[in-house]
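Alright, structures below, take your time with them.
Look at the two complexes coming up: chain A is in both, with chain B in one and chain C in the other.
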Partner chain A sequence: MSQVSAQPHAHPRRRQPRIQVGDRLLTHLFIWPTLILLIVMNVFPLFYSLYLSFTEYSGIGDTPPDWVGIENYEEILSNTGHPDKRDGNRYWHNFAVTGRYAVMSVGLQLVVGFSLAMLLKEKFRGNGLVTTLILIPMMLAPAVVGIFWKLIFDPSKGIFSYMMYTSNPRDHAWLADPELALWAIVIVDVWMWSPFVMLLCLAGLRAIPDYLYEAAAIDRASAWFQFRRITLPRVAPLLLIALLFRTIEAFKTFDLVAELTFGNPGGDTTEVIALRLYREAFPPQFNTGESSAAAYIILILVIALSNLYIRALGRLRED
Partner chain B sequence: MQLIEVLFWAFMSAIVGAAGTAFVYSNKRREPVAGMVIGFVLGLLGSLLFLIPLWLLVPRGAGYGEEEHVPQNVVARIFYHFVEGLELMAIPIGRRLRPYLFWLAVGLVLFFFAFPLYWMVITSFKPRAEATSETPTFIPWVQFDPTLQNYEEVLIEVKTTAYGGQETVQESEFPEMLKNSILISGSATLAAVILGTMAAYAFSRFSVPGENDLLFFILSTRMLPPVVVVIPIFLMFIELDWLNTFVGLFVLYTVVGLPFVVWIMKGFFDEIPPEYEEAAMIDGHSRLTAVFKIVIPEAIPGMLATAVFVLILAWNEYLFALRLNPREFSTAPIFLSEVIGFGRTEWGRMAATSVILVSPIIVFTFLVRNHLLRGVTFGAVRR
Partner chain C sequence: MATIELINVEKKFGELHAVQPVNLTIPDGEFVVLVGPSGCGKTTTLRMISGLETVTDGTILLDGRDVTWAHPSERDIAFVFQFFALYSHMRVYQNIAFPLQAQGESRTTIRQRVAEVSDLLQISHLLGKRPGSLSGGDQQRVALARALVRRPAAFLMDEPLGALDAEFRETMRAEIKRLHIDQSATTVYVTHDQIEAMAMGDRIVVMLDALVQQVGTPFEIYHDPANLFVAHFIGSPGMNLITGRFANGTIHLPGDNRYTVPESWVPALQAALGSEGDVVLGFRPEATRVTDTGQLNSTVYAADLHGGFIMLHLNLNETDIVHARGSREIQYPIGTPVRFDLDPEMVRFFDPASELAIRKAVD
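Moving on to the complex of A and B:
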């Protein structure tokens, strides 16, 4: 107040509106560049592909998009196709592979990540270094990770078969085995992303005050009881975040599968939906219309999951 | 003896049996899964044969405090003292073993997470014959002589000698791609951090109409599957003639980074008390100078960490780069698919390329290790 009274010219009532106008102008100046970029590069393309999803169109053809209504959607959702035959468009097969992949890899990541967090919450020398080392995989490019795990899984030169099997390792080519290829991808995904779950769980575990455990120990609560009633509830919101985020990412998985198997072996046993979409959308197929429709189906799934995810984040923020 | 202990030991024996038998079976070239099942059942039954009488005869809670009473039955007493002796031995051993077991677990975890990276690094230093040999070698200098040949081939040129003794030299495109990567991801990071920080400041300090909806919209663009976005973007870039240009990927990576920057920087700004600028403005600064003189210096560490995250995002991006810039202004990850494309797979060169791509990321991860949590949760969790 003393500063204001030191300046007799600055009338408080006059200053107030000037600042407000300035702030409002600044708000617009600050926000619109970001919003315009996002609208031009994300929203506009999405509306364009929404239009294309109702057309028969090929990105390289000379013919303009031909409106066909919901035909593309009908075709994708109705044709189940036989899993052993290559006829039909078999999108349901791709959804099934993606679902299986999501359940397997996210489930394992949650278990491994939580166990890692339980291990690393202990205080010991070099804790920070070990934690950071474990966190490195999740920062790497999925494309690069795919390449060097491909080397590791290589049946004759790779280290994986050499360590796993004492008999002739050539017989155990995981990436070429229709049954094991998906598991191989899951292993890589777990290697890459369980540190992410660990990071979240560690934050939850470290925030639990010690006195809760001390009180439980006085009451002679068993270790299982302490885990169930103290540890788990405190980590659950973070686990939920991890679960949702990893599920969303699993539905988006492309780079890893593209590098490791590109949908093979056995034709398409590991062809996740993103990969199918990619194959459909670009040469030689170039079914822009149909792939846009498939893209929209994925988009709706992902948006539904993202909604839950962002809500969970918001709840965490409020705490 | 409690039921839980019986189950525990029975289960442990079953696991040991399963693992052992599976190992023996696979050595004998018989179906290891069958061995696993047989070993599991045998281990379970064998241990229960011993554990069930123990459980029936030894009173519950023996060795667990004051409530125990020594049984009258002679056989039970023998068992009782046997178990008591075991426990008396086991408790101190267990206590002494615990740190070792802990370090063993930490070691195993480190092995699983660090070994693939170690393997990649040593493969990149192996001569070709060694990199493709069927008996793996692990220790440089002891088991093989490390060479820089792979790095030379990746970074400078590949010399191949044809059957006639003719030597052809193929210059590597990788340095060019690395340059593009640095240029594109660096400038996109700069743009994203500047624009995103501005928006984040506005969201943090001013009352923006529909603030939550806008923030939600911004974050939801981050969730879009790249494979969905790439189709219309591809068509759009054809129209704009942006394929194989610097501008195309630059704008795209800026947009990819923006939601991230807005959310994380909003978190950082929320932590700086608004009274700082208000005090400065009372001292006669305008809002803008107050921001530059007071708020930005406070937020610099956060901005740097955010920049590193965006840089990593752009540096690692593969799908857009593969589709939009396959020929000109290709980024470094594209080189991997080129190495793999040339007929025979050159594992040494591949590993060298991977090491070059991965090492800056490892350095960056160490730099931002204290902000990782904030980064992966878009600023929602702050530790």
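Moving on to the complex of A and C:
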């Protein structure tokens, strides 16, 4: 005999039946808005741009996309392209600038960030406050950072030239100097993102138990030996994660460059690949097909890089 | 190898005395155990010897050399930590090789010494593994190997068996003792376990509340405790301590018992207490002899069979319980009256006011 529960009847005053929402329906109600948004905003553009990268097409043209196979990729990677451009399409130049920028900027960030973390490792009065202050640049919007660093670099008004040079600062406009402009952007990026590296390293450093250093002192290890054999290996996984994040970001860098130099001086001395992409894809070029192909090349590069790092990280973890 | 001397060494954390001035000389090759309940200052003392903790005052001599302010690395001592403190990101081989590499020894020397010491501790098959994948016992063997490989002047061990299972602890205790005998290296060993202290130490230093209570051989500590704390702390169970009143050569004990003080003790008690006064009678469970003609009277509260013998818990009255050894052949039903005698060689007396042992005059 199944038990019959003595459930009371519904309250007589509540006449309207409630709308019954089953678990399944509820699940769908929650999932689909997100899924639709994702499909419309991410999945569709991803595949549509993949398709466009194999076509000759302009976003503002009235001709439909014309299938040209891998021609766009060929042109970009072989550095040829439109015959009217004398020295090819200069995509390799953009990749080279991006690569140089990534190495300089990420390298410096790791050094500065790690050094800051070493300084802040030991707890002292006001430790929290100092850490928070150092983190501020990271929390600012890149566009804002770009605008006021432009002022800082300004040869006549800016404090940078004033501090760096005793002679007439007007001669030292870093952002207008083909040799120094990229370094100027690197300086800003390092200023902004070293705190991020510091934060990761700090987490790693603080997680190293004191007794390891005690054991090392007993084992008669010098400070340098301790750093090399305990500190560095222990922080390595976090350094690698910082390296991964910052390299990916460096390859995507657009906002700082757009704000500070927009690829200038000399037209393209600081034109990183993302900026080139922007120039191809939007006015006045509207070279949609070719820029899609360039975008895919960047995507593949970044994915390849990430995989390298993740593999290295895996090997570190095993060890 | 080395002698270790502590001269008025003390440690304060702010106003708090972690270690009251301690004087201790440890001759070359001796195995000294610092024992006491947690927070008694034994680990702080050990860390001061190692240099991991600075001293507030006093002098530490290592082989006659003043090392009071020397960095741990300048003291030529090895330290074995309670939780092993192995370099978990390195393999066992690198862990053991670390002290040698830090000194820039040649690769051949390192390989040879690591092989030697891992043979000695029977961990050769573990050299390629990571410390994290080893059992507690093996991790401690690796820690011992790392300490041994450098051939230091002295070994300091901070509860090295504390993190091990009971089963491993017995094995490792024997191994460490064997190691000490083979190496005959000066060793200072910290533990809260008095059984470990008794089993391992050539000499024992009993500490309580930052103060050294007694220094002596296990035999002295066990049979001639300096005060009530040591008497109670050492032994399982500790010494029976019954307060009574001494007068005219007898002690009036709870439960209308009278104990006739052995002839040889009377002058000492009279000297300490006068003709009449409160006294604590102390005796080990094995000093009791249950016999029908015994002069002390009690009833059985409980009886535990320990295999080889029976531990009796005997009520003198409602509150005073005495631990006594009974024969394993006899049944002791709860509530039965039991009479017992005390071995006159094994009774001790304490002054309840000062808590210190009353000593016989040296003859």
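One rule holds for everything that comes next: the second predicted complex is superposed on the first by the 261 of 319 C-alpha atoms of A that agree within 3 Å, B and C clash if a C-alpha of one lies under 4 Å from a C-alpha of the other, contacts with A are read in each partner's own complex, and residues count from 1 in each chain.
Simple rule for what comes next: a residue touches a chain if its C-beta (ideal position, glycine included) is under 8 Å from a C-beta of that chain, and two chains touch if they have at least 3 such contacts.
Note that the structure is predicted; figures quoted are calculated from it, not measured.
Novice: According to the stated criteria, A:Ser156 is in contact with first (chain B), second (chain C), both, or neither; which is it?
Specialist: So A:Ser156 only meets chain B here.
Novice: Could you let me know whether more residues of chain A are touched by chain B or by chain C?
Specialist: Of the two chains, more chain A residues are contacted by B.
Novice: Just chain B (first), just chain C (second), both, or neither: which does A:Pro33 touch?
Specialist: In the superposition, A:Pro33 contacts chain B only.
Novice: Just to be sure I read the superposition right, which of the two partners does A:Ala221 touch: chain B = first, chain C = second, or both, or neither?
Specialist: Only chain C is touched by A:Ala221; chain B is not.
Novice: Between chain B (first) and chain C (second), which does A:Arg229 come into contact with in this model arrangement: first, second, both, or neither?
Specialist: In the superposition, A:Arg229 contacts chain C only.
Novice: Quick check for you: in the superposed arrangement, does A:Trp67 touch first (chain B), second (chain C), both or neither?
Specialist: Neither partner.
Novice: Using the superposition on chain A described above, determine whether A:Tyr211 touches chain B (first), chain C (second), both, or neither.
Specialist: Only chain C is touched by A:Tyr211; chain B is not.
Novice: Spell out the residues on chain B that touch chain A in their complex, using ranges where they run on.
Specialist: The contact residues of chain B facing chain A are 23, 26-27, 29, 102, 105-106, 109-110, 112-114, 116-117, 119-120, 123, 131-136, 195-196, 198-199, 201-203, 206, 208, 214, 216-221, 223-236, 238, 251-252, 254-255, 258-259, 262, 281-283, 286-288, 312, 315-319, 323, 333, 336, 340, 347, 350-351, 354, 357-358, 361-362, 364-366, 369, 372-373, 376-378, 380-381, 383.
Novice: Which of the residues in chain A end up touching chain C in this complex?
Specialist: Contact set of chain A toward chain C: 209, 211-212, 214-222, 225, 229-230, 233-234, 319.
Novice: Note which residues of chain A are touching chain B in the complex, please.
Specialist: Per the stated touch rule, the residues are 3-4, 19, 22-24, 26-27, 29-31, 33-35, 37-38, 41-46, 48-49, 52, 59, 116, 119-120, 122, 124, 128, 130-144, 147-149, 151-152, 154, 156-157, 159, 162, 165-167, 191, 195-196, 199-200, 203, 206, 238, 241, 245, 248, 251-252, 254-255, 259, 274, 277-278, 281-282, 288, 291-292, 295-296, 298-299, 302-303, 306, 309-310, 313-314, 316-317.
Novice: In the complex, go through chain C and note every residue touching chain A.
Specialist: By the definition above, chain C touches chain A via 50-52, 71-73, 77-79, 81, 83, 85-87, 89-90, 98-99, 101-103, 146, 150.
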